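Shared chain: chain A. Partners: chain B in the first complex, chain C in the second.
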Partner chain A sequence: MTTTVAEPSPSATAAPRATGRGRLVLARLLAARGAVVGAVIVLLLFALAFGGPYLTPWDYAAPDFSALHQPPSAEHWFGTNGVGQDVFAQTVRGLQKSLIIGLLVALFSTVLASVVGACAGYFGGWADRTLMFLVDLLLVFPSFLIITIVSARLKSAGWIAFVLLLALFNWMITARVVRSMTISLREREFVRAARFMGVRPLRIISRHILPNVASFLIIDATIAVGGAVMSETALSYFGFGVKPPDVSLGTLLAAGTSEAPVFPWLFYFAAGLLVLFVLAVNLIGDGLRDALDPTSGARPRRSRRKRRP
Partner chain B sequence: MLRYLAKRLSYYAVLLIAAVFLAYAISATALQPRTYFDAKVPRPSAESVERQLTALNLNDRTPVAERFGHWAGGLLHGDLGRTIHDTPVTDDFGRRVWVSLRLLLLGSVLGMLLGVAVGAWSAVRQYRISDRLLTVLSFVLLSTPVFLVALFLKNGAIAAKDAAGHDVIPFTGYETPGLTGGLGTHLADWALHLLLPTISLALGGLATYSRYQRGTMLDVLGSDYLRTAEAKGLTRGRALLKHGLRTAVIPMSTMFAYSFLGIFTGAIFTETIFGWHGMGEWLIQSINEQDVNSVVAINLFTAAVVLASGFLADTLHAALDPRVRS
Partner chain C sequence: MTTTVETPLLAVRDLRVDFAGPDGPVPAVRGVDLTLHRGETLGIVGESGSGKSVTALSVLGLLPGTARVGGSVRLDGRELVGLPGKELAAIRGRRIAMVFQDPLSAFTPVYRIGDQIAEAVRIHQRVDKATARRRAAELLDLVGIPAPDRALDSFPHEFSGGMRQRAMIAMAVANEPDILLADEPTTALDVTIQAQVLDVLRTARRETGAALVLVSHDLGVIAGTADRVAVMYAGRVVETAEVDELFAAPRHPYSLGLIGALPRLDGRGGPLVPIPGAPAPMAELPPGCPFAARCPLAEERCSVTEPALEGADGHLAACVRSAELAARRPAPSEVYPVPELPAPAGSGDRSALTPVLTVSGLGKTFPLLKGTVFKRKVGEVYAVDGVDLDLREGETLGLVGESGSGKSTTLFELLKLGAPETGRIELLGRDTAKLTRAEAHRLRAELQIVFQDPMASLDPRMPIGGIVAEPLLAQHTPREEIARRVPELLRQVGLDPEHAVRYPHQFSGGQRQRVSIARALAVRPRLLVLDEPVSALDVSIQAGVLNLLQSLKAELGLSYLFVSHDLSVIRHLADRVSVMYLGRTVEQGEVSAVFDRPRHPYTRALLSAIPLPDPAAERDRDRDRILLAGDPPSPTERRTGCPFRARCPRYAGLTDPADRARCEQERPALDGAPGTDHQAACHHPEPPADDHGR
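Right, the complex of A and B next:
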């Protein structure tokens, strides 16, 4: 990572340099087939999740008593469940909830991780030791364990509390990486110069440290979206996450599991969309890694390998 | 090396104590054993609820610190308290821990070894068909939550059973109840029951490790010292094994420590889905019954295993990388 990357934001003053890098990254990203496919899939899924409810006349909660356990048809695109609810309307609604939760969790946890990691790395000393002890302490328990215990108490608080809880147990490893990157950045000339000019620490962190770890944070946040959706569905599957009458992909999978061998449409549409979304997000993350960090790219290595006798 | 390991060990001990206290505080305040007794039919009298709660050290009118002190005092004598059904927690613990450990150890070790092997092999064959296939496969696996993998496998086993008319691969429990026969029959039965849960656990690890291992191995493959090793007369295979793989595994040892969290979470799902009466199933059950002491015991177990695997990773790291030892 070079020091000239300090401000990737397209602000007016830094316009020429910023667009230069932006264009380079975009060109590399578009050259990676996987990332383009992933981005298209994610866009389509978002369109489905937010446009889908307007495509079907059925409401996700309203039962159609004339059609129980019906296979997919022209009327009910994904079939119906045991009480006659339209599976397409439910799946679309669940997808919407899962996507929102995934995005919010990734956003919150990345912000928390960057703040904690950068502070621990920059200030060092007892602040570092305390924060890292906290990180280790939270890493001792699987987040699933704590969330399941606490979620019993949060029944009334709804899914926003669930989002906060997921974010609260999802930032530790990212914070560790940010910390170690900050420790090496702290000794760089431009940070020292800023420090000796009397710039306050928090400003140094926000203006000089965080922009330099932005590449990592962008990649990590992308992958975190997929991870958050997986955690959400798993917790909801066991009844500790999103709770009825709200639906998410997890609650749909839980409802469809027992009937999956006989009525596959109750299970496999939700399962397929879940895997498809996380896969697409991971493809984007992989493409971003190659585009933002040229040293990790695969192409230079191939040429090096080819030169080998 | 010993000094380094001793330092790590004492850090882990402090961490364990803090973690256990945190687990107790969270469980004791978030769970409400009172509602369990209040929901009983016929409803017990207020005094009897109070008496039972106090006897089980679950009374929410006692300060958490006092309850923790009482519980920790028992722990020093190997007593984990009593479940909400007034049986010793250690009984359940002792029965379930072996069921879970069998699955956890096999799943994590298998995932680890196969992941490293597949990743290294994939890196050596970069951009060949096999590498591309493995990459696609690991991406799909990485994008499938463990509980979904387990459900797919279970549905597959059910479909196979329906097609064949009899059990092809067992998909519930860890042994056939009432099985007669010698040790060999029992072992075969165990192995068959282990098959699907282990696969669903190991696949996740396999996919993660192979991606990372492929990356670290590719970094090593382009290095000068590997070329030097070949130049001084080692065969390519030997050089790759002795100089390549050893260096490429070092960054992975840290991953192994953290990965146990994921494996344990995965085991909660697989156990519940495949009907294993292990720690994972116990967790879900005791949370639903507001059974504080059992939940804390499970927390204690995971914390101990996570820190033990962290210590193991440190040892591995020190053994592989001489720079750590000094």
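Right, the complex of A and C next:
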């Protein structure tokens, strides 16, 4: 596991001068093929979602009564559904919603979880008890019910309120795990060393605690992306969240599932895009995790081989 | 060489062990030959990763399944390698018994000690339970556990580390084995306990007539116990000889370097002789002699073929120049490059120097809590109970004590820079109790710490450039200044500034500790607290770090508070020393005064417990060895009188009841002859030295 570097030798290739951790992580991230591929896929999905509507003459809501249940053709690229709506237009419209909801919910809930969990674990005492009481309280609330009640009132605020609501009920378990990891990290010598050096607590949390729980946070966030899309679907199914005639990938999937054996184009285009999206996010997450964890991956081994002629 | 009539008890021939690695098998042992005769003690010494433990474990077939063992191990002529597990099990414990390093994990925590020893007896002997239990009590008595009948019913966690190790030895000798394998049996123990355990091992060997294989990294332990020594490096025995012969005239440069790299208790050393470089990784050993890259005597032929282990009259060495070494008998410093160290400042009048740290009567208690919901206080742990320290500019103060003596608590109280529970701390002339938060933050720049474990004290997720910059950031140093200072610091501690982008795991232990030192020096402190800075390092690496500390001190005018359990290191580095026992300072003073003429009986026992890496001197010392009885008492009670008296040989020897009463009732204060820098907290100290001392 520990690769030992030989004594300073002139043969070692000249290292880049950048010493900041941010730049190092970025360099490692860009060197990881999976992460770059994932990022490109996500960017392409965004381009498709927001550029797609301009490519097709059809509107996602307007029906074309001359083509019901048509398979994919030059006219309707992804075919049409039972009321003659263009599936391509619907899919890209749904993709817009799902991309934004998935990424933002994961981002918000992970940030909230890491801040609350790390603060509770690091400070301990009353801060810990208060924050954990809050977490327990939110855990016992039936979140589904609250979202259904509140989202009806927040109709005017639109999708951003919906994203915040989903995030608000998605972070508690992560926070508890982060808290317990922080408690064990707090006693580690490097955290203690930082404290004795006079580093301020919030700085210790951001510089030492969070990078050391990053692996967990990243895995959790990538799972949360898929989870957020699915819970949005569930809410939409009951008529909250995304309301018809507006669509999301989730509502498309829900509508298309029963018809999938007969009219596969209603289901598989939306499903494929969703799988692609979650896969790409996972690739980015894996790359980010490896970039943050210096002991992982084949990079050091490769460079060691390079040094030996 | 092979004309011995008697077959050896244990003969290891060309033992090879490979472990499966991600890139193919990684060798751990590469052709080891060992011979053990009846009743003999063989010491195997080597640094971490040299394959010494793997060699010991492979004799018993205790290696994990990923290991491939080749070669031959013969016990009384019977081959053990490749023997089916069932037959090996009959030998383990009966013929060959093992004493492990960590006595806590070697006992099953849920069974009583007595049952576990009785079980060991009943596995190999057909006796009933009552007999086995009686035998267990006898064994515990043999290893010197008080009240063995009661001890039988104790659980392992109720025993202290030293008692557990004794019980382990009792279990090992339960079936009167022919061979005792002891793998680092005293590494986890304090020196006074180590002395007890080594004594028990000798007793057990004498009583059972078993041969002993003692595996250790500590040359002192080996020198005092072994008859013959095998030095291992990179999975091979590089030198083997009678113990006196090996220490007096080593024929392999590695053994010579090891001896030179070790600070000695009996000598005020100049610079230590470090072995340059780090051990070659076993996965990619170079062709030829594995030591060639670090060897000052290396020639061209060394990197071509690996020399064989050969020599005359039982003194074998695997070096092409061993004959030359045998003839010339050079001192380590004649062979290895010795770094130039600036001469220590003359010991003039101490009182003229500015005080850096003054501690008086420091106390710290921790509450003992009981209950899960409602915690109530049921007692107190007196972790620190009267510590006095006095450190002046440019000095090194060594703080010595066994585990549980309150060293770490003292340090954390100092580093807290707040009001102590009792007593007074003055740092650079300022009372820490009266500091405001901003002042305390500024004062932190003057006081930095280097921790024991360089791996744990460096954030694994941060490049070392960031680690070194951390204290500078905390003191709001401008960015350009940090960018300039980091390479400078890395160069100062002997690292390549280009390595600032690497992560801690890419460095070896010694290099990591250098990073730790660079971080502590970043804000130009005046006082450096060193918490066991070298105890996690191998001897050859340790010497380099100690030399670095010495030269940095002279260069930068630092003061060190050096905490260590290793008295040899303290003797080598410190100007003054302060000895702690059970949270109190029991003796302090100028280092040569305390070490040459200790006045407190505890200090005397501590010093006599340290084994010297020199068999001849070790035998001389044997006459006046003081073996402390028992373990340090629990710090949860605050005893009246002297806390040491329960173990004190001097108290035990007192005849006058009035003298004894004084020890029992009156707490001794630090006291010494006026005008000298040497005080002891004892009512009946050893008389101050006259001229016949050293």
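By definition in this document, the second predicted complex is superposed on the first by the 171 of 309 C-alpha atoms of A that agree within 3 Å, B and C clash if a C-alpha of one lies under 4 Å from a C-alpha of the other, contacts with A are read in each partner's own complex, and residues count from 1 in each chain.
FYI, a contact is a pair of C-beta atoms (placed from the backbone, for glycine too) under 8 Å apart; a residue touches a chain by one contact, two chains touch by 3 or more.
All values reported here derive from a predicted model rather than from experimental measurement.
Asker: Return first, second, both or neither, reflecting whether A:292 touches chain B, chain C, both chains, or no partner chain.
Answerer: second
Asker: Now for A:214: first (chain B), second (chain C), both, or neither, which partner does it touch?
Answerer: Touch status of A:214: second partner only.
Asker: Quick one: classify A:190 as touching chain B (first), chain C (second), both or neither.
Answerer: Second partner only.
Asker: With the two structures laid over each other on chain A, which partner does A:44 touch: chain B (first), chain C (second), both, or neither?
Answerer: neither
Asker: Return first, second, both or neither, reflecting whether A:253 touches chain B, chain C, both chains, or no partner chain.
Answerer: Touch status of A:253: first partner only.
Asker: Report for A:202: first if it touches chain B alone, second if chain C alone, otherwise both or neither.
Answerer: neither
Asker: After the superposition on A, what does A:24 contact: first (chain B), second (chain C), both or neither?
Answerer: So A:24 only meets chain C here.
Asker: Return the residues of chain A at which the contacts from chain B and from chain C coincide.
Answerer: 308
Asker: Considering only the defined contacts, which chain A positions touch chain B in the complex?
Answerer: 133, 136-137, 139-146, 148-150, 152-153, 173, 226, 230, 233-234, 237-238, 240, 253, 257, 260-261, 267, 271, 274-275, 278-279, 281-283, 286, 296, 298, 301-302, 304-305, 308
Asker: So in the complex, which bits of chain C are touching chain A?
Answerer: 276-278, 281, 284, 415, 441, 444-445, 448-449, 451, 453, 456-463, 465-466, 469-471, 473-475, 483, 486, 495-496, 498-503, 505-508, 511, 519, 523
Asker: Help me check something: in the complex, which residues belonging to chain B touch chain A?
Answerer: 15-16, 18-19, 22-23, 26-27, 30-32, 126-127, 139-140, 142-148, 151-152, 155, 158-159, 162, 215, 218, 221-222, 227, 258, 261-262, 264-265, 268-269, 272, 283-284, 287, 290, 295, 298-299, 302-303, 306-307
Asker: Mind listing the chain A positions that touch chain C in their complex?
Answerer: Against chain C, chain A makes touches at 1-8, 12, 14-16, 18-21, 24, 188-190, 192-194, 196-200, 203, 207-208, 211-212, 214, 292-295, 300, 308.
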